[in-house]
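Below is one structure. I have some questions about it.
Order of writing sets the labels: A, B, C, D, E and F. Residues in every chain begin at 1.
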Amino acid sequence: MADWLTSLKTKTPQEGFELAITLARKGVGYTQPSENIRKKLRPKYARNPDSLTMASQVIATHFQTVAAANNYWR
Amino acid sequence: MADWLTSLKTKTPQEGFELAITLARKGVGYTQPSENIRKKLRPKYARNPDSLTMASQVIATHFQTVAAANNYWR
Amino acid sequence: MADWLTSLKTKTPQEGFELAITLARKGVGYTQPSENIRKKLRPKYARNPDSLTMASQVIATHFQTVAAANNYWR
Amino acid sequence: MADWLTSLKTKTPQEGFELAITLARKGVGYTQPSENIRKKLRPKYARNPDSLTMASQVIATHFQTVAAANNYWR
Amino acid sequence: MADWLTSLKTKTPQEGFELAITLARKGVGYTQPSENIRKKLRPKYARNPDSLTMASQVIATHFQTVAAANNYWR
Amino acid sequence: MADWLTSLKTKTPQEGFELAITLARKGVGYTQPSENIRKKLRPKYARNPDSLTMASQVIATHFQTVAAANNYWR
């Protein structure tokens, strides 16, 4: 796989949040590498509130990591 | 997306808790960007106790991050 | 909402645990603000072992935060 | 409720693990205070592997807190 | 219960990972002490991918604790 | 089991992420050691969005550990 993660540093907390989203998606992407299949799964999943909450949980976990890496942008 | 997160600092723990809620919702919002669809999902979800507990779990995870960023408002 | 969280400091670990419970409930309360609906959900939920375990998980997550904020009451 | 948690310090990691179990159960106990109901739920729950794994997850989360409080018994 | 956890220190990360597995299983064992029942549950559980992922999640949580206790074997 | 984890150090965050994936899979592998059974479970699991999110959650948890072990590659 090409380089997609060279640093956890971001300029702002918002960019850090967006990096957390990328990390959450990459966790899915490594497990299901077919973009075609992932696209087919999206409609169902994006209309299920519990699925959305679970996705938000993964983002929250990665955001902890990214925030710590950036010393909370203090 | 417009700037919505410029700092993790808050004046009080309660504002920190409310920021954690914002972060939890943003995690959903990035995954399902249609406000219209999100609104339709809310009634079902907000009456399902396990869905509410899962949402509370995401908030708890973000509150850890926000609290650490604020050195626990000590 | 009125002030309900002005500090994470507690005198004892037990009070810290009880604060963690409050935080877990507030996470639900912000998502479902109707006390009436929350009350209706309680009987079903409080007799479902997995629901109880999930609630205990949220409490555990908040207790990590409160315990750290109190330097573990050392 | 009577005092049940006056310190997070334990002599050994194993006692710390057992304290984590107590904390996990207390999280359930505060949510469903009826011991009678909790007892009725146990047989079903204790034979469901996912329920057991979820309980183990709560214990793991509390053990993180207790271990940190004891500086990992180093 | 006999002594089974006297230290969180391990010589290698791999032994630390294996200790995390032990901790995850002990969390189940304290909740369902009958080895006989646990054995009966295993076949079903070990063929359910979500059950396996949940077990892996508990291990991951304990591995955080064990790794911190060992200062990440640096 | 042969040595598969001798260090948590990685050269880049991306390698750290890939190590987190390995750790998540090993957690499954220790619980279901039959590669044959694990392979049979994969097709179903890799097309279920919630299963993929749960897998991503385990990876996120391990990535916290690996990132801390590497001092966030700062």
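As a convention for this text, a contact is a pair of C-beta atoms (placed from the backbone, for glycine too) under 8 Å apart; a residue touches a chain by one contact, two chains touch by 3 or more.
A quick map from chain label to UniProt name: A, B, C, D, E, F = Hexameric tyrosine-coordinated heme protein.
This one's a predicted model, so the numbers in the text were calculated from it and none came from an experiment.
Two copies of one sequence, subunit E and subunit F, touch each other mainly through non-matching residues, since under half of the numbers at the interface are common to both. Centroids of subunit A and subunit F (each the mean of its C-alpha atoms) stand 15 Å apart.
If you average the Cα atoms of subunit D and of subunit F, the two centres end up 27 Å apart. In subunit D, the residues touching two or more other chains are 48, 50, 54-55, 57, 61, 64, 68.
Taken as a graph of touching chains, this assembly is arranged as a ring, one closed cycle with exactly two partners per chain. Traversing the ring of touching chains from subunit E and stepping first to subunit F, the chains occur in the order E, F, A, B, C, D. The touching residues of subunit E, when paired with subunit D in their complex, are 3-9, 23-28, 30-32, 37, 41-42, 44-45, 50-51, 54-55, 57-58, 61-62, 64-65, 68-69.
Residue ranges on subunit D touching subunit E, taken from their complex, read 12-14, 17-18, 21, 46-50, 52-57, 59-61, 63-64, 67-68, 72-74.
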